[in-house]
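Here chain A shows up in two complexes: once beside chain B, once beside chain C.
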Partner chain A sequence: MRPILMKGHERPLTFLKYNRDGDLLFSCAKDHTPTVWFADNGERLGTYRGHNGAVWSCDVSRDSMRLITGSADQTVKLWNVQTGAQLYTFNFGSPARSVDFSVGDKLAVITTDPFMELTSAIHVKRIARDPTEQTEESELVIKGPQGRINRAVWGPLNRTIVSAGEDAVIRIWDSETGKLLREADKESGHKKTITSLTKSADGSHFLTGSLDKSAKLWDTRSLTLIKTYVTERPVNAVAMSPLLDHVVLGGGQDASAVTTTDHRAGKFEAKFFDKILQEEIGGVKGHFGPINALAFNPDGKSFSSGGEDGYVRLHHFDPDYFNIKI
Partner chain B sequence: MAAEVMLMNEIEAKAASMGIDLIIDFNSIQLPRGEDCGIVSDDEDVYHDDHLEFDSGFGNVIVVDNLPVVPREKFEKLEGVIRKIYSQIGVIKEDGLWMPVDPETKKTLGYCFIEYNTPQEAELAKEKTNGYKLDRAHIFSVNMFDDFDKYMRVPDEWAPPEIKPYTPGENLQKWLTDEKARDQFVIRAGTDTEVLWNDARQSKTELVYKRTYWTESFVQWSPLGTYLATVHRQGAAVWGGANTFNRLMRYAHPQVKLIDFSPGEKFLVTYSSHEPSNPRDANRVVINIFDVRTGKVMRDFKGSADEFTIGGAGGVAGVSWPVFRWGGGKEDKYFAKLGKNMISVYETETFSLIDKKSLKVENVVDFSWSPTDLILALFVPELGGGNQPARVSLVQIPSKVELRQKNLFSISDCKMYWQSNGEYLAVKADRYTKTKKSTYTGFELFRIKERDIPIEVLELDNKNDKIIAFAWEPKGHRFAVIHGDNPRPDISFYSMKSSHNLGRVSKLTTLKGKQANALFWSPGGRFIVLAGLKGFNGQLEFFNVDELETMATAEHFMATDIEWDPTGRYVATAVTSVHEMENGFNIWSFHGKLLYRILKDHFFQFLWRPRPPPFLSAEKEEEILKYLKKYSKKYDAEDQDVSMLLSEQDREKRRMLKEEWEKWISEWRRASEEEKLERQKLRDGEASDEEEEYEAKEVEVEEILDFSEEVLFEE
Partner chain C sequence: MYGVVHFTTGSLNMPIDKSDPNPNQSKASKFRWGELEEDDNLDFLLPPKEVIGTDENGIKKVIEYKFNDEGNKVKITTTTRVRKLAKARLNRRAVERRNWEKFGDAVHEYVGSRLTMVSTEEIILERPRAPGMKAEEIKVPGDSLAQLSKGGAVLMVCRTCGKKGDHWTSKCPYKDLAAPVETFVDKPVASEASVAASGSGKGAYGPPSMRAGAERTAGSDMRRRNDENSVRVTNLSEDTREPDLLELFRPFGAVTRVYVAMDQKTGTSRGFGFVNFVNREDAQRAINKLNGYGYDNLILRVKWATPRAN
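This part shows the complex of A and B:
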């Protein structure tokens, strides 16, 4: 099917997130306004106004009531999904990069960038059921990794936190004590900045994308490397189909290094790989710049990509897609 | 260094004042055992050898002997004179001139030491002033300080040289006996250099040898493929062996920049260029010719870069490499260098000029050897504003007899192309039009093997066409020319044989409007790749010249390099690090089917390992060609087996992967099941776990769109 081109952002996309029902798609961009769309026809539902900087990531609660967003304006905000009202603002001394709700939505893990003399950090905040009771305090602050932490997510039963970032090392932390539990093997691990990390639907495994032109699949509990997918371009975004054994890698040459000679030079394609055989099975073209964000609809029948070009492209799969045999 | 020397000065002055004859053997000073003073050797072998050869630290010091012996009053005057002479050659270090004095008579001893900034300057000073006549009685004798040291240590008694027992060497050509008849190639990417088999049947490579930091600038195969040469700061080295790559020999040449093998691999020419300390001077060039197997320097050439830069149109700066061009096929008998108004031809028996003199040719600007015979083709441009025509002549070596000469009029430039068997020579001549405002191009074709060497003139159909590329078919009688204007030039094929056997050149075909700017013939002839590199982004056309038909068109986006394997079975195209992206190489079959591609960041070099010419006689080869069907049956069967095996292996591999994956899935299911209750608790009792392991389910949704009641019959 022809992709639906969703124009609404004025700056490069940074993050995409479907709600659990798969009817809403939330998009973040370097403009200051996260936006919510109908996930089936791409119609814009509304925006969340209030941030004063690029918005790097978001997460939506299981009941689709709350939205949490992290921004370069050094704040993380909680929103009412339906009304677009700001419920609470967490203030930090440095830009917030990644946000993730825990199982049960009572906790959120937030990463902040190194800034001035501050090092990067992972913060755990308790999210109150009633926003009027929300407090600023952190349950836990973890410091240690060098450079930016591009993504931190909850492990099974909220017992661990998985983090990855500029130092190319994936770490698993105890979410109670903040102790470092595991570190990915340097030999088999990524060689350059990890740009993205996405969990499987059941949280048992996760996929990381890196500027070293590869994506890797890991077991969440043991941090065992299971698969590696090699591509020709730095990987900015990754996604896993919840339905079929497919993974999608997005990326492309860094926007500043894009040649102007030929559109093929950048290879701004979303690449599909067979999850098990690690072989490339196809690609979806369309963006005029690198792909920064990818997300699968929880029903596995559509996916969306967000590009440096400021567009979100919503792709519904043709029936043929579900019969791919290799 | 300066501080150390001052210290030395003090020690020696002290020793002199005490009347002690001070001779220090610097090599006798050793560090205590097991103590390296923090000096880490990166390569034990290299370090030791080089230590002896260049690293004693006094390479920049010379000793000038036979100076006048003068009393103290005249000391300063003499010192002034010496300083004046030697500072012209290079920069003398501060306190770098030291003339010892007899402590009793207060007279000088008739010698002095001079320390320069660089060893090159010291060497130059030695060369220039050894034998310099200050006056009749004082003829300078100049030596390197290091040499003194070396000669001092020659033992007084002659000891018979040790004869090492013969150890059989490895079979350096083992790779030719590969069962699958594969070829090797070397690639350099990042800091790694790898030699790989091209296993085209299985569409992959197989590693032979890999080494990090194997070379400091580039690698190069010897022309027959026996050796792989690496280049380092201290010199060059060659590697080879039966199954792996061992270092076979080293060739010391500090700061070597370029290397070149003789065609028969007997000799290796190394080149380095050194910045002069006086920026107005030309660079100093050092060229060594080594015997590849013994590692001995057979001859060295030193001089200013000016002496090596003659040739090329209008005095192009820099040395054109190779400086020495080898003649006479694989025999390695002669090599020649272009000089001002002469060509110097050396023979390798004695490494001296033939007949002790160079071949005098006024204003010669270019020459080239026949690839097989001892014939030189040389080009002299037009002189005296056209009064004296340009000419191309063929000269036999060593007799220096001119075999053929052709005068050419109103020539602007000229290029010579030999066919690989030395049967034909094509001279591409750019001529001025009558108005002298533009040029057009024609070819002079020499038939070397025919009586009297007939020459034929060929002009293109449209003689104003620009020539973009020219290439002879290897071992064949055809050539291809790309001509016309970008972006869509034409490509023409010609044959030196015509259908009626008239001994005339004939055109085979012209392909119109091709996106190509380079020609790559298969080493076996018959097939050619018409390539559009650079501006054409890597367009490839695989063309069969026998049938005059295109076999395949393809593209290797951004390709910079193309090379046929030595057997003509495969073509490698590569994107090297001149581009930031797409780095890596593709391997194609001769008819243009992409076999496999490998991506490597910072990809610098791709080189097929050359093969020596086959030992089969021409008749035998013909026989094989005749019964090709019979032979190929066996190989077809092998191919079939391999492809069966491959698909079998592939299936097996997939099965394994699936099984492994299933294990993970069941592991995850189990863990998820175990954690189910706790997860529910975290969600305040909400149990909807099954939705997380999403399964595609057919869900029938009935929606009531409209509801109305109607009374149909009323009675």
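This part shows the complex of A and C:
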């Protein structure tokens, strides 16, 4: 395949997200400006100007009208996707790391980093249909995990919130009361910081990637470990194909170690694994730096990867990808 | 009778066959030398542009004729491959979004902005190699060594378990019995040096050559680096010459220089020589594989050229 290279960001990429229809791709990077691209040919549509810090993650509403972004400048902003206008700003006491719309886009879960005396926290905010009626107040604030919470997402039917972070433990919280419902088993769980988490298309299972060079597949309701995928590199980003039983892991070494070792151009790869057999299917090389973000198009026929090199690479699969057999 | 200016045919592509002047003749008669200025547009004399549309491989040819700077008629054939970008079947809303106006930094986008480019390289989903083969091994040394082994009586000595004739050291099934001698030639030295740097605190800056796992090749220029990657070969047979060493060591990587010490009086080899590699890793692999290798009835000794080896 011929990947489409999009160099819109000056700094490393942090997050990629497709909209529900699969025609728009939102990219967040450390350069303060989330960007939206057309997902078929990679043409840039626009940028959202307003943040003063690295943008760590974003989410888009199902109708592709609203974008929510979480940034290191301690704010979470709501944007009009079409015009790029800022609709609302939530202020926090510490950098915001992960944002996720609920099913129905009425609520959003936001995590904030530990900062000075503040511990990390998970906030649930109500999102008003009309941005002028938006309020700052939180529906729920959950505190408890030590260290950064790298990702928090809604569970099935918005009843639960799944969080994962630096303490390597996945937790499931009740979204109404904030009570801790389940914790992942320490023996079989990750051993190092969990960097990324992605849900399956139907929400029944999710995949976490960690710096311990593995990714694990979990059941959302019972939090039992289903599968483990082992790589040679710390995992920074994970994605699951909505069409085939494939998982993709992206990672790399620490940036400081990169220059001291063999630096053949474009050797950082996104590794494909068979979801059920846990075996490696192959890798797609091309990035010049560790891969920090991965996303599959909801139609499963293309995927994109964002790297430390500032490039977003959009890959449309060749027909023989769909015929791969182990 | 033409009454027409004769053009010498151009340098590009095919020469124009001038033997059919009839189409031009009617135009030619209106055409007078005296009235002609240097840069008059003589395009009407040229055959029209042809477009041979996209064939089944996606190749499109456009044949144009023009005048080059010397006034020669030239035929220019442009061959392009037309690639179809994957088109998603978009729903109604997506089609509407396609027509949205650009905003933010994209407002002033100009056509040549090159923010979005199709990769020039074809990237494939590389399947992993079959189990039993190391990913780092290049196929070539494996193949040529296999060929060499078929040639004569070769002893496959494994240094880990001492078993002969079964497997090479790197494929030793008993690898955990003895720790590898030197996985990274530089590591012992580099790690001592980097203790100070890493000891000062996680996240403290250490220059690349002092970081853990750093290879010491940083900083030397090409020539000196070659001499650092010099390998000494001893216990060579009398008739071994430079080309033999080159043939033996080349499968491991690029070799810049081979030298065999010769006895001037007898014209035979003095039994030793040197091979300079471009890459240190290739030299290391050559040492690993060929030390103890049987060549021309003698067991070769291959090691780093200077005991320093860094």
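Just so it is clear, the second predicted complex is superposed on the first by the 319 of 326 C-alpha atoms of A that agree within 3 Å, B and C clash if a C-alpha of one lies under 4 Å from a C-alpha of the other, contacts with A are read in each partner's own complex, and residues count from 1 in each chain.
Assume a contact is a pair of C-beta atoms (placed from the backbone, for glycine too) under 8 Å apart; a residue touches a chain by one contact, two chains touch by 3 or more.
Just so you know, these numbers come straight off a predicted model, no measurement behind them.
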{"item": "Superposition on chain A - do chain B and chain C clash or fit", "value": "clash"}
{"item": "Touching partner for A:Lys325 - first (chain B), second (chain C), both, neither", "value": "neither"}
{"item": "Contacts of A:Asp299 with chain B and chain C, given as first, second, both or neither", "value": "both"}
{"item": "Which of chain B and chain C A:Asp202 touches, first, second, both or neither", "value": "first"}
{"item": "Touched partner set for A:Arg62, first chain B, second chain C, both or neither", "value": "first"}
{"item": "Partner, of chain C and chain B, that touches more residues belonging to chain A", "value": "C"}
{"item": "Which of chain B and chain C A:Gly84 touches, first, second, both or neither", "value": "second"}
{"item": "Partner chain(s) touched by A:Arg2 [first = chain B, second = chain C, both, neither]", "value": "second"}
{"item": "Superposition clash, chain B against chain C - the stretch among 277-285, 511-519, 655-663 or 691-699 that is involved", "value": "511-519"}
{"item": "Set of chain A residues, in rising order, touched by both chain B and chain C", "value": "257, 259, 261-262, 299"}
{"item": "Interfacial residue positions of chain A with respect to chain B in the complex", "value": "62, 102-104, 106, 156-158, 201-205, 219, 221, 226, 232, 242-243, 245, 253, 257, 259, 261-262, 264-265, 275-277, 298-300"}
{"item": "Chain C to chain A touching residues, read off their complex", "value": "83, 85-88, 90-91, 93-94, 97-98, 100, 102-107, 109, 115-119, 121-128, 208-209, 211, 213-215, 218, 281"}
{"item": "Contact set on chain A toward chain C in their complex", "value": "1-8, 21-24, 33, 35, 37-49, 63-64, 82-84, 256-257, 259-262, 266, 269, 272, 280-286, 297, 299, 301-302, 313, 315-316, 318, 321, 324"}
{"item": "Residues on chain B engaged by chain A in the complex (per definition of touch)", "value": "537, 557-558, 580-582, 599, 654, 657-658, 661, 664, 668, 671-672, 675, 678-679, 682-684, 692-694, 696"}
